[in-house]
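What follows is chain A paired twice: with chain B in the first complex and chain C in the second.
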Partner chain A sequence: MNDHPRLTAVFARLSFGRTSGKKPARKATDNPKWEKRLQKELMAIMKDPPDGITVSQDTLEGSDLSQICVNMTGPSGTLYEGEAFMLRFKFGPKYPFDSPEVVFTGENIPVHPHIYSNGHICLSILTEDWSPAMSVQSVCLSIASMLSSCKEKKRPPDNSFYVKTCHKNPKKTRWWYHDEDV
Partner chain B sequence: MSSDDEDYLYDDDSDDSGNESTVNQDEDDDNDDFGMDIGLGEEASGSGGGGGGGLMMMVSGADKKGSDHAHPYEVLSTEQIVEHMVDCIKEVNSVIQIPTTTVRILLNHFKWDKEKLMERYFSDSQEQMFAEAKVVPPYKLGAKAMVAPDLGGRGVSLSAKSTLECEICYLTLPKSLTTALECGHPYCNSCWTEYITSKIMNEGASQSIECPGNCDILVDDVTVMKLVKDSKVKLKYQHLITNSFVDCNRLMRWCPAPDCPNAVKVQFVESRPVKCRCSHLFCFACSENWHDPVRCVLIKRWIKKCDDDSETSNWISANTKECPKCKATIEKDGGCNHMICRNQSCRADFCWVCLGPWEPHGSSWYNCNRYDEDEAKNARDSQEKSRAALQRYLFYCNRYMNHLQSLKFENNLYSMVKDKMDEMQQHNMSWIEVQFLKKAVDILCECRRTLMYTYVFAYYLKRNNQSELFEANQKDLENSTEHLSEYLERDISAENLVDIKQKVQDKFRYCDSRRRVLLDHVHEGYDRDWWVYTSDDITS
Partner chain C sequence: MSSESPPPAASGDNQDELILAQKEAIAQDIASNASLVGNLEPVYSLEREFSHDAVFMTKIGNLKGRYAELRRTRPDGNCFFRAVAYRYFELLLHRPDEYERIKALLPRAKAQMIELGMPTFTLEDFYDNFMDHVDRVGQAHMDAQQLFETFNEPGQSDYLVVFLRLLTSMQLQRNAEFYQNFMEGDKTVAEFCATEVEPMYNESDHIHITALTEATGISLRVIYLDRGSQTEASLHDFPDQGESAATTPLVHLLYRPGHYDVIYPVKSTSESGPATSNATVTTTAELSS
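So, the complex of A and B:
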């Protein structure tokens, strides 16, 4: 499940449904059981950080675990060597049974055939191939490996159309994955 | 609800010694409550069709005319669908001795085609077959599973010796509170339950729930039933399983009538009429209302065309028209096409369909059923041609819709006839003597149904000698059906009973025989390739 072939969105259509109302959205941290899991996830990353991945300072200083940021450094020996990126994770009330919302954020969005210039990532484990046994760490590793295997820095072919029309939340995009080696 | 729940709960303690089916035999037709035993590995109900005997209905071809539909078919209630599913599993299991839960996943993978499954199972690519179906081959199971086959399901509860950390909630728990499939990925039971529940309730998954681990292994039904306690979730799961069983079984089809819980099972897939217990008559091949003599491809095309042109058809099916003579608005309130203007100073007799005078409709030269192709032929430029094409379509659509509309008054007609039958019985006629009226309405409706579809057939048909004969048959049936309709709606009164009875009987016998003549002729044409269609891409 984790080592799915590299996938790309060949077509992404605009969101259904808008974020409604003024009610504060429910979050993973509303449920103490899942807040514990998130704490443990972060602790594991801090204790034994995978190559090039650290939890951002803001997250560590803040108190809200329903949204965290992770710094990622372009793996050495790849097209992204030395570049600094930031990933933002948002956890909904059904996490970990529902996947987190994961986007690149900040000034530097990797130029990659599966990453849109607004930070949205076309990766099947972030939607239909998600499993509750995955974690922040395994998502980071999948994204790092996606960067590592890239042979040419370019945007997805439908980038400008997608960015103009998509929903803020990439999970609202109906992604069309297709097996294509990049 | 609680005592009923027991009827479909999977029995955890089941062992190899004859687990009695808990199919709820004495319930009524309440579909939400069906007894189900999908996990059933061991022994299916000994009762089979026995206890529910009366429910099984064997019907042989409801409409024997036209072609030989001698093969019997069955109408299955939801319980019987489950029984049938269990029978399929048992049948395979008697040949291939692997856990029944695995058999079910394999069967589902092969769309419940037993032969295909057996073929693959006994081929060289057996291992690959298991991988494609996302199950661990039973011979690869560890000794543990072999020693303790009575745990029920492939999900094996591990022994209580030590603890482990659940990879979902990250809590450390005694192993006894965790479950793993053969792939050996353990999660705590409460995470499993939440995971499976969210798959079932949010994603509508049933046959495709995978182990959360880094493997594709599917969760079997016994494990689902063991881990899920909420009866609402269980019920949804059972519905999903039955749905997918019927949907991917070529020999089964849900009755398309709204809210009908039954399915029909045939022995061969073919275009044929099947009648559900709810009395809905439909075509097994395409699920549309039974549409003899027109074939499935054409009826599909036609329905799509009507949907695309919904504006025109709305216009046509509108229930009001103007009297051709005095322009008063006329509303149709029955099925008969012979209209008499209600305007006392007008009283014009005319035909609802063509708005022409009624008078010539009974004579031999008048064609209310045939579109005048000469007009289309004479159309020269493209605009005129497309106008002619539209008019041709409207012509047939109008007649089709008209019968459809008349059939909607069917119930009114039955209740009106029932009143008349009561009335007659008060005039010294016996119950048996008045039954001819009901029979007449039956035949009238059958004729309208057939006529309706003949206009679809005619629309796609190219003119030739045989098509002219067809149109003559159609016209004859159209006329006699209108006469019958008129008798039933207007002419019966207490005074002329004896006289009218003879007339009605003669007329419906005539209609019935003409209907069969028409159908036989069309079917003969299929056999002998008489029919030429207006569009080349129609193959029948």
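So, the complex of A and C:
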């Protein structure tokens, strides 16, 4: 897996981050191997990036695996064609048994009926329907597919109320997944 | 990362956080009070919990003749999968025939999972890990104590659970036409798998058990200790052998409403070697009378 020289360098940097950060005390439900799994995921994306998805430069240059950013280009033939977005993933020590926290970040938040203007995404796989068989890559693809199937660019109806009252971590919202068709 | 800060002062605006914080506190509480997999205890230890309950006490009394010991699992929604996995790996320590059988079966199962479109990258991770443990146990590179420790290490234990969840999902989806008959409302089998089978911490039902035993060929008996009016705990064999009950199931589980533990027939604890078939067996007909 470490045969590509540039990837090897990146991998070394990512691995180095494991020992440099201070570690909080482990809880009984934590997965001690979450960083290893995440390294493998990132390596796979870098080697064989899906359409329109790249790991951000900051992530590649940084050493902190608990937070990574992914660039996403609006899929062609959709309302978002050519737009550039950024997704931020935060991982906890129960990954991949618990879902990552995923939000849109940066200047351009997609205008979409399931995406709030603060970047929070209403998507069931990000909370209760998360499965450990999913990955950064499959989350990106699900979000891209959510964008692709959108017929009208608009914010969720409760956008202004939600954005004012929500926690900054969308996983602290108990989502109601009502409208599966959009 | 500062996202784990306490709810803001205006918490009246956001009940969600309080509810989720409470759920997390409950999960931590369960985790600190119950091992993922517990030590062996005598079946009569159940009597302490149900001493106030005549129906349960009668049924436990009748169980004692056939079952000697019990091994509790953590009630975290994964108990069925964890209990089956633990007991099965424990059997593999002494059953070269089972080891050969499962070693031949799993690669085929993996191919079927990939064929269904399960994400190869993560699937392989879980598969490799599971296979590695099957090999270690089957080739005596791991003993009963190491197995016990492995199953009590959260990351590792859950990795094994995930693979069984994926196997179950595969079996349901490959036979979607049949299993569609058991779906509630207009839920498809694929949706059921995505919401009730693959995600962790979702409790298992009859349908999960049927699919997992079909997918793995692991025969299973569940003893139901519930509020039914009979004096014997009812039982169900997977796969269903009808009245014949020709062979003794490999794995025995005790079900109490909402939870599964491992239960060991008299004279067939983990140390008794391959002779599980000599355990005291009661046929379906006798038990359900």
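Note that the second predicted complex is superposed on the first by the 148 of 182 C-alpha atoms of A that agree within 3 Å, B and C clash if a C-alpha of one lies under 4 Å from a C-alpha of the other, contacts with A are read in each partner's own complex, and residues count from 1 in each chain.
Simple rule for what comes next: contacts are C-beta pairs under 8 Å (C-beta built on N, C-alpha and C of every residue); 3 or more make two chains touch, one makes a residue touch a chain.
Predicted, not measured: the structure shown is a model, and the values here were computed from it.
Placing chain B and chain C on a common chain A by superposition gives a clash between them.
Looking at the superposed arrangement, the partner reaching more residues of chain A, out of chain B and chain C, is C.
In the superposition on chain A, contact is made by A:174 with chain C only, not with chain B.
Of the two partner chains placed by the overlay, only chain C lies in contact with A:30; chain B stays clear of it. Once the two complexes are laid over each other on the shared chain, residue contacts for A:101 go to chain C alone; chain B is not touched.
Once the two complexes are laid over each other on the shared chain, residue contacts for A:66 go to chain C alone; chain B is not touched.
In the superposition on chain A, contact of A:152 is made with neither chain B nor chain C.
Only one of the chain B stretches 59-67, 77-85, 275-283 or 455-463 carries C-alpha atoms that clash with chain C in the superposed arrangement, namely 77-85. On chain A, the surface touched by chain B in one complex and the surface touched by chain C in the other have residues 33-34, 37, 40-41, 96-98, 131-133 in common. On the side of chain A, the complex with chain C involves touching residues 27-34, 37, 40-41, 44, 66-67, 90, 96-98, 101, 124-125, 128-135, 137-138, 165-169, 171-174.
Those residues of chain A lying in contact with chain B across their complex are 1-2, 33-34, 36-37, 40-41, 94, 96-98, 131-133.
Looking at the complex, you find that chain B touches chain A at residues 167-171, 185, 187, 191, 194-195, 198, 202, 210, 212-216.
Listed in rising order, the residues of chain C touching chain A in the complex are 1, 3-4, 7-8, 10, 13-14, 16-17, 19-20, 27-28, 31-32, 118-119, 121-123, 125-126, 153-156, 158, 162, 165-166, 194-195, 198-200.
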